[in-house]
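Quick one: the structure is below, and I'll ask about it shortly.
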Amino acid sequence: MAEEIRILLAHADQIDPAQAEDYIKVGGYKGLEKARGMTSKDLIEEVKKSGLRGRGGAGFNAGMKWSFVPPAEVKYVVCNLDEGEPGTYKDRIICEKNAQALIEGMAICGVAINAQQGYIYCRGEYPFVVDLLRKAIQSAKDVGALGDFDIEVRMGAGAYVCGEETALIESIEGHRGEPRFKPPFPGVAGLWGVPTVVNNVETFACLPYILTNGADCFASIGAPKYPGTKVLTLTGDVNNPTYFEVPTNYILSDVVYKLGGGVKNGRKFKAVQVGGTSGAFIPEQNLNTPIDFDSMSAIGAALGSGAVLVMDETRDIVDIVTRISKFFEHESCGKCNPCREGTFRCREIMEKINSGRATEADIDNLLLLARVMKRAALCGLGQAAPVPITSTIEHFGHEYRRKLLQYA
Amino acid sequence: MIKLTIDGKEIEVARGTMLLDACRQAGADIPTLCYDPDLRLAGSCRMCVVDVKGRPALVASCVAPAENGMVVQTESDDVVESRKIILELLAARHKFECPTCEKDGECKLQDYMYRYGVKESRYDGEGPHFGMEDPNPFIERDYDKCIMCTRCVRACDGITGAQAINVKDRGHHAKIAAPFDGKLADSTCVFCGQCIMVCPVGALSSKVAAGQGKPAQNKKVLTTCTYCGTGCTLELNVNNDRVVGVTSNRDENWSPVNKGALCVKGRFGWDFIHSPDRLTTPMIRENGGLRPASWDEALDFAAGKIKEIKEKYGPDSLAMFSSARVTNEENYLAQKLMRAVIGTNNVDHCARL
Amino acid sequence: MTNAIGELEKDATAIFLIGTNTTENHPVIGYKIRKNVRENGAKLIVADPREIELAKMADVYMQFRPGTDVALLNGMMNVIINEGLLDKEFVETRTEAYEAFAQVVEKYTPEYVSPITGVAAEDIRKAARIYAEAERASICYAMGLTQHSTGTDNVKSCCNLALLTGNLGKPGTGVNPLRGQNNVQGACDMGALPVVFTAYQGVGIEANREKFEKAWGVKLSGQNGLTLTAAINKAHHGELKALLVLGENPMVSDPDLDHVEDALDNLEFLMVQDIFLTETAQRADVVFPGVTFAEKEGTFTNTERRVQRVRKAISNRGDARQDYEILCELSTRLGYPMSYSSPEEIFEEIRTLTPSYAGITYQRLEGKGLHWPCPTEDHPGTPILHKEKFNRGLGLFHAIEFREAAELPDAEYPLILSTGRSLFHYHTGTMTRRAVALDLHQPENEIQVNPATAAKLGIIDGEMARVVTRRGNIELKARLTDIVKENVIFTFFHFSEAAANVLTNASVLDPVAGIPEYKVSAARLEKIS
């Protein structure tokens, strides 16, 4: 199997995403209509049954997440469109091609948890998406598709950490983008202290399909435990660097070789980093893995945002990881000790190694620090920041050792 | 009630108890830097992490509710390793000036480095340099000693409500700052010094008390503040029969009105006690000026004058202004003196002024 | 205070501040109020001629003309009665004289009061509703309410307001004077007042005198004594011949300092017992060096009637002596031997004569102290007064008409001068001006002027300007700030070299309390050319 399956992007470039009428013509807002006819409990049950899992990175069952929301007078639906992972632009694509599906998905969630207000937190570098979404929301309201549900678009200011749901909430509230400790989870006490469902664009955008075609239909697509499709953004040393929507049981090597058209310039493959900057580097021997959440976890990687970065044989792994460590040093919010100090020292040691001033002890120190960060950091950023380091020391240790002092 | 096992000991705690409290209840000594029972939780120093069976990551016990059936280890290898590394990371940025530091001996970083045998940091690169700051006469801010626990920020907001400081910048550049990284005097700071009270290290200290005695050398005497009618409890720090500073006791059972909170006068306005202007000897007016006199001479002189005037003009020709600043006992004696000894009710004080 | 300080942080659901700049003058109480508003959503009403810090977070802020407190309070009560927001049951069962009171209040509609006070009628309504509709509402005031020729009326009006809404005798309610000095409550409790012995036992009452005569073994005078301000006046007229001053500084704190100076110079004998050579001590015939709070044992009673320990931390400085020892020595030389081994022994004597302190011992004061009344040793103290009934039985409404302040602005003195305290200094500054950091931070006095007023006079920020009243004039640095209205100027009284009380009025006092009208003096501001 090497074909795309397009659910989210089914009508890409055929309709104007800003126009609700266009969307309705191709069957849009039927799912929301159906949802409105269901009890909240049945609706959540239906979403649970579809097996839809969060596309943001944690892979939590969406219906399950909603079912934890306690009764409250005011609740919010928040869409995470921060998309700060380098090499990732699938949320932007979904919005640009099918903004109405996102809006409908949020409204469906609103019906499920009985919320009247939604917020979309949009990456600050996407001002055109903000414009598009505002138009699209207005259009949906104009045709009466949203009923009493309203959505406001808020803009981020470029902080990577605001992709973390609680930091995102802090940012919407007007505070520093810093993660909160959990529990309480946002589902219980989120935006302005009230129950809040935070899901990714892609997760919300799946909902119209699930409601329109039924949970079973969705559940039958892709990997049984992580059903549906996934939009991937392929970058790096491939012949065809673009985006694709594939079923979740798609094999990684097919992404690189079939969709991606193989490594550029006839060079040999070296590694692929999946899921964004904090993703693991996957060597050739693991390329036969399906992209679904669990399969990736099994090889110590993560599907994450769906970014796929291919590196050819000429790439210097240590140099790349050094740059990545600079990124995390820059993006740490500074709240918790392991991350604030850890990302700084990771970068420091990586630079030492990369410039040929390090010894074996530095690698040991790096691994020790990585272990502590992974175990003790407050949020996903600090916990995942060392993954590129540990995965490359594991799979490409010889490239590190080649740079140590004694060989320099 | 819920049951959980901590370091092999089964304990029962009320639902809603935080894991930190449960651990302490079980006798475990959990180190904390950012945790402060009077402040909004931060969960950021990660010193209080513990090992909870079945959890992939360590759990920060100060922000984690205890759960039924939890099996917790408070000093597992992972926990100790994490704490040591965190201490090393902090040590790498902290300016060690222990011999001359105002907090020497009462510093949590020192205590925990000692406890975990962290003698030096493996992170030998450059730390951040923020430098000293602020020309105000009250609070020394040395952010090269800061460990970013943000207790000062939370005390400024949660206790005083001044909201004068917050974290500025991100990551390793993050520092505590007044708006626009300006002076405290240009902010909403009221110089209450609650930030000094909660600072676990020597980053914040009193300029008024600087250099006059380290915590361990000072005897602390609990007393009632001499400014205003609120009646805050404070601790006079005494070294060699001199008051060398004021700190406060945060235990409600000993500091019932203010629970450790003070204002600028209470915390920084005590040095008048040792002002060179203090009167140290009685004085008598002579040739238009005041000259020192012995107690006997001065007392005899005063008593003679009082007697003379009383006899000449009657007791109601004398009056006393007692004081709203002296003690109850002294006020009682003052009015007793006027009423019983001189024979007049002409006694008042500045209650109206 | 009828209630305890801690209730302002937790129990009160609405707080009405009138004439108290709490965050500056009682900072720690200010923290608690702010916390209650921010964290528990307590409602806040602020009435003050200056837009003080807490006004910024108030639900209603009323910037009223100084001296119109009664009108403002009557206006609020008019709304409460007309809108049926009063606590009928409380008024019926626990108060008396309501009818006469209600009759007076009837004409004080918000529309009537608004032009008097300068507060919008709608704000008066809003404030009245917030206060009356709150489950537990507390009134706090300080010298801003009391230092008027109508001070007693102002306080009684606050009592009326609390009685009308049943906001007494419960946690988070009450009429709460925030007292300015560390032991002003205790000094009053101890009978350092011209008309009462300890615990407010009147000197004019035979039985009280008998009790004290028996304890002290002498015959006592039943004639009311002189208040401080009256004593100064008597000295001025030459009727008072000797003044003994214990830790006071009338040469800075009292109104119309030229008048005080003349009065002190008129005395045949002035004795001062103090820790510094104050402006008053400099004029004394004999000066005794006493000790600071750090050098003495004893007790202070705070504004919530909590008696707390003062503990000796260091020994006497130089040849100074404990203040109680000086008084004993003097008494003994006057033929009445007095000798106590410790302040605790004095306290034991106080207990026997002071019913509200009878149950208090030093031992019991360890830790949290005790709120009086505490009549017996097993009594837990009384944080909240008037729970079941008032001292006199029923709470008495007072029918109070608004009276203008004694000295109103006119063509010659067009502004209203108010005086008060700064966060950084205390009273006459004898201590804080010698606390190096405090004096470094705020080394000089200032006159707060609205920028529009300053502009008319051509005065710029930071320039020295002359403030003139009928008593005298001083030069002060102008601080332009819109926290004062155009017709109001404000200065601090801590600075002896630029003493605000050169300007204030000693000739008109509140007829009951004898308090000077520090908050309203007609004044003129002049540019110094």
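All chains are identified by letter, namely A, B and C, in their written order; residue positions are counted from 1 within each chain.
Criterion: a residue touches a chain if its C-beta (ideal position, glycine included) is under 8 Å from a C-beta of that chain, and two chains touch if they have at least 3 such contacts.
Note that the structure is a prediction, hence the values are computed from the model and not measured.
Under the stated contact rule, the graph of chain-to-chain touches is a line, running from one end chain to the other without closing. Each of B-C and A-B has its own count of C-beta contacts, and the greater count is at B-C. Of all chains shown, B has the CA centroid lying nearest to the centroid of every protein CA atom.
In this assembly, the C-alpha centroid of chain A lies 63 Å from the C-alpha centroid of chain C. For this pair, chain B with chain C, the centres built from the Cα atoms lie 28 Å apart. As a whole-number value, the distance joining the C-alpha centres of chain A and chain B reads 46 Å.
Residues of chain B found to touch two or more other chains are absent. Contacts from chain A toward chain B in the complex involve residues 159, 176, 178, 181, 183, 329-338, 340-345, 348, 365, 368-369, 371-372, 374-378, 383.
Looking at the complex, you find that chain B touches chain A at residues 41-47, 49, 57-58, 60, 63-65, 78, 81-82, 85-86, 89-90, 92-93, 122-123, 125, 147-148, 166-167, 169-174. Against chain C, in their complex, chain B makes its touches with residues 136-138, 158-161, 185, 190-192, 207-208, 219, 221-233, 236, 238, 241-243, 252-254, 256-258, 261-265, 268-275, 277-285, 290, 293, 295, 298-303, 305-307, 309, 312-313, 315-353.
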